[in-house]
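Letters A, B and C name the chains as they come in the text, with residue numbers starting at 1 for each one.
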Amino acid sequence: MKKGRNLIVGLLLAAAILLAACAAPTGGSGGGEATPTDSIIRVGISGTPDLDPAVAMTNSSVVAAANLYDPLVWPTAEGVKPWVAERWIVSDDGLTYVFDIRQGISFHDGTELRASDVAFSMNRKMAMGEGWAYLWEGFVDYAEATGDFEVTFHMLKPFGSFVNSLVRLFIVNEALIMDNLANGPYGEFGDYGRAFLTNNTAGSGAYTFRELVHQDFFEAVRFDDWFMGWDSRPNAPMGFRQLAVPEPATVLMMMNTGLMDKTDQWQSPENLAAMAEMDGISISAISTYTMQNMYLNTQVAPMDCIYFRRAIAFMFDFDTILNDILVDSVKPIGPVPAGIAGAVATSAVDHELDIERARAYLALSQYADTFQDYAIEFLVIADVATAEVVALTFQAVAAELGMNIQIARAPWVSVVDRMGSLETSPHMVSIAAAPGFNDAGTYLETRYHSATTGTWTQGEWLLDPRVDAMIDAAIATVDEAERFALYAQIQHYIVDEFHPTVFLAELTERKAIRDDVVWPLWHDAAPGEIPTALFGFHQIFADMELNR
Amino acid sequence: MLRFIGKRLMMGVLVLIGTSMLIFVIARVVPGDVAMIALGARATESAREALREELHLNDPLPVQYVIWLGNVLQGDFGNSFITRRPVADDVRQFFPATLELVFMSGVFIVLGAFSLGMLAGKYKNTWVDGLIRVLSYVGIAFPAFVVGIVLLLIFGHNFQIMPILGRISPGVAPPTHITGFFVLDGILTGNFAAAGNAFLHLLLPSFALALGPLVQSARILRSSLVDNSNKEYMSVSTAAGLPPSLLTRKYLLKPSAGPTITVMGLDFSALLGQAFLVERIFNWPGLSRYGINAMLNKDLNAISAVVLIIGITFFLVNFIVDIIIVFIDPRMRIGRESV
Amino acid sequence: MIGVTQEATAIAKKKGWLSPSTKENFRIYKYKFTRNRLSVFGLALVAISLFFAFFALQIVPFPEHIGAFVDHANANNPPSAVHWFGTDNVGRDVFSRVIYCFRGALLMSIVVLAISVPVGTVLGLIAGYNHGRPVDTVIMRITDVFLSIPALILALSIASILTPNMMNSMLAVTIMWWPWYTRLVYTQSSSVAKEYFVRNAELIGASKFHIIIKEILPNCFSPIFTKMALDVGWVLLMGAALSFVGLGEQPPIPAFGQMIADGSRLMPQNWWLTLFPALGIAFMILGFNFLGDGLRDMFDKGGH
C-alpha cells in the first residue's frame, strides 16, 4: 500500500516535470510591472495586430501601424499633408519622385530617421509583396536614397495619385531590422526582419511596443521623443491596449465594469442599445469611407444575366438596412464612397425595395422561367452580427418572388479562401471594402479590374478588358481634372453596363465609448454630422484625451 | 510491471505515428491551396510560390509527410498563418493555461466525485442520494458550454463577485514565469496576490468544465460502493469488529475506485474537447481557444500542432491512469498485460 | 448444419449467451425495463422528441418562421402569450424554431449511428473473429489511431476544413464515431469466438460468413443497442458543439448549438434566446440517457 502510493506520487511528479518542461519560458509574456490601467486607453478590436507594417492588413494591424510608425505623408480630407516627407517634386513624365525628408525624427531606439530608411521601407514592402504592396505593384520600380535626407522613387509607369497612396508607406528602422535578420527567402536580406517584427516594432511613431500576448492583447506606451512632441497633448493616453475580445457578451460586461474604454465596430444594434443605457457610456458614430457591398458573381448562372442582377438590386430593403440594421449608415451614390476624391453619383442611387420593378427585370431576364430552379448561395461572414440579418431580410423578399436563396455562414478566412477562385466563389457575398487611400481610381481597380479577381475585394469576377483598359489609363493620367473625368466615366460605365454590385450602405461605424475618453474626431463633429477619416487613421491615440 | 509499461509505451508510440498521419492528411490534403489560405489573396504570386517551396507543397505527399514529421520531432511545427510566428512559440504560450485549467477541473472532479459519491453511497436512497442523482442529470443534460454561459451570466452580470474573463486581472502583473501555471508560479515566487487573483479566475471555467464528468463519476462511484458493500467480505469484516472508517477506506473504497478512475481517465478526453468551447466563452488564453481559432481560420500548421499535442497529452494521461489502476487493483494487472 | 446451430443455440442459452423464446423474453424485458420509473420517463421524453421531430411543421404556431422570414417590427420580444419563448433579433418565434431543432438533431443522430454502427460493427466482427491475425492488428491499430484524439477535437478539425454545413458536420462526427463500435464489438466477439459452439460450427465446416453473422453477431446485439441509446445523447452534444461554433446547419434553418451561440451574443438582455434552446437539448439528452439506462438494465443478465 505504502509502496504503491509512493510510486503514484513519483509518477505524478514525473508528469509534472514533463509538463513543466513543455512550458519552457515564452518570450514577451514574462513579468515586469503593469502600466497603471487608468492612464492607458483600452479598446476592443478583432484579434491582436501583426506589427509588421509591410504585412499589416487586419483591423487591429492597420490601427496599430498608424500609431507605432510614421507614414511618409499624412491623410487629410483635402489630400495629404507633409509628415516624414517635408516636400516633394515629380518629374514631368511622372516617372521620378523626389522627397525631402524631415530632419530630427528619432526612431524608438534613438537613432535618427534618414532617407535610406525610407528607401529601405519601400523596397522591403515591394520585395515582400504582402499588405499594401499591391497599391504600388507594377508602378514602383525601386527607391533609393539620393542624399542623407533626400529619397528618390523610380517608377515603371506613371501613377497619378502616387503621393496620396504614400500614407500607407510606414517608415521602418533599417539598421535595427538588418541587425535582426533571420533565415528567409530574400537573399542578403534573409527574412527581411519578418520574424523580428512579429514581437517588436522598429518605428518612430507616437507609441512604442510594450507587450504582445497573441490573441489576448497588445499594449504600447508613449514614445517620449516622438517628433511631434507631447507638450500640446498633456492628457493624451500614456499608452494604448488593443483587447482581442470575440464574444459580444464579454464586451458588454467589460464596458459595464470599466475594463474597456471603447468597443470595436462589430457590435450588434441590440448590444449597443444595452450599452447606451449603462452609466458613463455613449455611442459614437464615425465613417471610414467603407462601402458595404453586395458582390454579385457576374460569371455564374443565373447571376450572369444583367437583368437578373438589376432585379436583385430592387429586392433589398434599404430603409430597414439603413435604419435598423446598419444604423446611421448612408445610402451610397455609386461604386465609390461619396467622400473619396473622384467619386460621382450614378444610377445606383435609384435602388430601393420595389418588388414590382424586381419582377419586371426578372421577366426581362433570360432566366425568367427558370430562376426558381437555381439555388443561389448567399455567403455571410460569421461573427459580423449585422451581415446575417441583412441576408435574412433579403431572403424573405426573395422567397416572395420564388427565388431560392441559400445562406451560408463562414469565418472570414474561409470567405477569402472561397473567393480565391471562380469555381468556389459564391453567387452573392456581402463585404465591406474601403479605399486604401483617398483616390477613386485605385479603389475602382481593386474592385473591378481583372487583376484583382480572386481577392476578397472583388467577388464580381467582372473580367472585362474594356474596364481594365479604362482603369489603367485613368490611373496613369497625371493631370487631376482629366483623371477625375476618366474616373467618372468608369463609374457610370460599370453601373450601367454591368450592374455587378448592390451598394448597400456607406457604413457608419458605431462604437460604445466611455465618457471619460475624448475622441476629437467624433467629439468635435457638429451634431448629426458623421465625421469621416481614412481607415486606420481614425483611431490616433495621441490625439485622444483621457480625463480620469 | 516494467514489461507492462514498456509494452504500453511502444504501442503508444505506434499509435501516435498513425495519429500524426491522420492529422497530416486532415491538415494538408483536404483543404486546397495552402499558400492562398496562409498569405491571403492579396499576396503576390512570388510570395506564394516562396511559401509553397518553404512548406514543400510541390513535393509528393509521402515526402511532404516525412519532412513534416522530421520537423515536428525537432519541435518545429512551422509558422502559424495567424500569429505569423512559429507555432511552437504559440503552443508554449498557450499550453500551460489549458493544462492549468484542465488540472483544476481534475481537482474538482476527483474531490467532487469522491465526496459526492461517498456521500450518496453512505446515505443511499435518502434525499441526499436523490439530490446528488438530480445533480448528475443536470450534469449530463447540459453541455459544458451552456454551463459556462450560465456561470458567466450569473457571476459576471448579476453578482459581480468573481472575475470572469482571462487568467488574471488586467491591473495585476502575471507572476514570474517558471512553470507557466500562474497560481503555482505565484506561490513559488511569493507573489501571493497574483496567485490568489489567478486562482479566482480559474474557478469558474474549470467548474464549468468539471461539472459533467464530476457528477457522472460520483454516480459510478456510488453504484460500485453499493455493489461492493453487499459483498460477503464486508459483512464478515463488519462482524469481525473492524472499525467502520478502516472498512470504508481499505475494503470498500479501494476496490470501488477502479471503475471510477477508469471513467475519469476517459472523461479527460471529453474535458480536453469541451475545453475548446469553454475557453472560448471565458476568453481563456489557452491552447484550446488557440486551437478553435486555428480551426475556424484554417491555420493548418497550428491545427496539426494542437491536435497532435492533445493526442500526446491524452495518451500520457491514459497511460498514467492505467498504471494507477494496476496499482490500486492488482487483479487488473493480468488482464491488462495481455492487451 | 441446422442441427449444429440449434445445438449451439441451446448451449448458448444455458450459458446465458442467448435468451429464451421471444415471448418469454418480451415479458422479462418489459418487467425489467418498467421496473425503473426513470426509463419509462425517458421513453416518454424520447417519444415526445420523435413527435416534435416528425410533426414540427404541423404543431408549431409559426411554421413560416423556420425558413426565410423576417419581421423587424416584432424583433427581440420577451416571452409572451403569443410567442411562448419570445422572438429573436429578426422577429422569429423562438418556440417554433426550438421545436424544429429536434428534427435536425434527431436526423443527425440517426444518420451518424446508421452509418457508424454497421461499419464499426463489421470491422469489429472481422477483427474479433480473426483475433491475433494480421487483419485484427491492422483494424484495431487504425481504430486506436482514431481513438487517440478526443472525439470532439477530431470532429471539429475535420468539419472546419470542409465547407460548413449539416452534411459535413454529420460526416465529421461519423468519421470519429465508428471506432467506438469497432472496439466494443471486437471485445465482445473475440471472447465469443473462443466459445465452443463457434469452434463446433467451424469444425463442421460452416462458412466464415455464416459464423460471423449467425453465431457471433447476435451475441453483440445487446451491448450495441444499449450503447446506441446512450450514444444518441453524445451525438446530440457533439452536433450542438459543432453548430455552436458555426460548423453545422446554416441559417435560416435553426439548430440547437447555433441558436445558443447566436443567443449568447445578446446575453444577458435577451436571455430567452439562449435559455430555451439549451433546455431543448437537455430535454433530448436526458430522454435518451434515461432510455439507454433502461435498456442496459433490460439486457443486464445479472438482474440485481
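Just so we're on the same page, a contact is a pair of C-beta atoms (placed from the backbone, for glycine too) under 8 Å apart; a residue touches a chain by one contact, two chains touch by 3 or more.
These numbers were taken from a predicted model, which means no experiment stands behind them.
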Comparing A-B with A-C, the busier interface by C-beta pairs is A-B
Centroid check, CA-based, most central chain -> B
Max Cα-centre separation from subunit C goes to chain A
The distance between the C-alpha centres of subunit B and subunit C, rounded to whole Å, is 24
CA centroids of subunit A and subunit C: separation to the nearest Å works out as 45
Per the C-alpha means, the centres of subunit A and subunit B lie apart by a whole-Å value of 37
Two or more other chains are touched by the subunit C residues 246, 264, 267-268
Where subunit A touches two or more other chains simultaneously, the residues are 247, 249, 382, 411, 414
Residues of subunit B that touch at least two other chains are 149, 152-153, 157, 280-281, 296, 298
Subunit B residues touching subunit A in their complex are 32-33, 36-37, 39-44, 46-47, 50, 53-54, 82-85, 89-90, 92-93, 95-96, 99, 149, 152-153, 156-157, 160, 164-166, 170-181, 280-281, 283, 285, 289-290, 293, 296-299, 316, 320, 323-324, 327-328
In their shared complex, subunit B is touched by residues of subunit A numbered 4, 7-8, 11-12, 15, 18-20, 22-34, 36-37, 42, 47-48, 50, 52, 55, 57, 128-131, 133-134, 137, 185, 194-195, 198-199, 213-216, 241, 245-247, 249-250, 253-254, 256-257, 259, 382, 411-414, 416-417, 419-420, 454-456
Interface with subunit C, subunit B side, in the complex: residues 11, 14-16, 18-19, 21-23, 26-27, 30-31, 137, 140-143, 145-146, 149, 152-153, 157-158, 269-270, 272-274, 276-277, 280-281, 291-292, 295-296, 298, 303, 307, 310-311, 314-315
The answer for subunit A against subunit C in the complex is residues 247-249, 252, 268, 270-271, 274, 320, 324, 380, 382, 385, 388-389, 391-393, 395-396, 398-399, 405-411, 414
Within their complex, subunit C touches subunit B through residues 141-142, 144-146, 148-154, 156-158, 160-162, 233, 237, 240-241, 244-246, 260, 264, 267-268, 271, 274, 278, 281-283, 285-286, 289
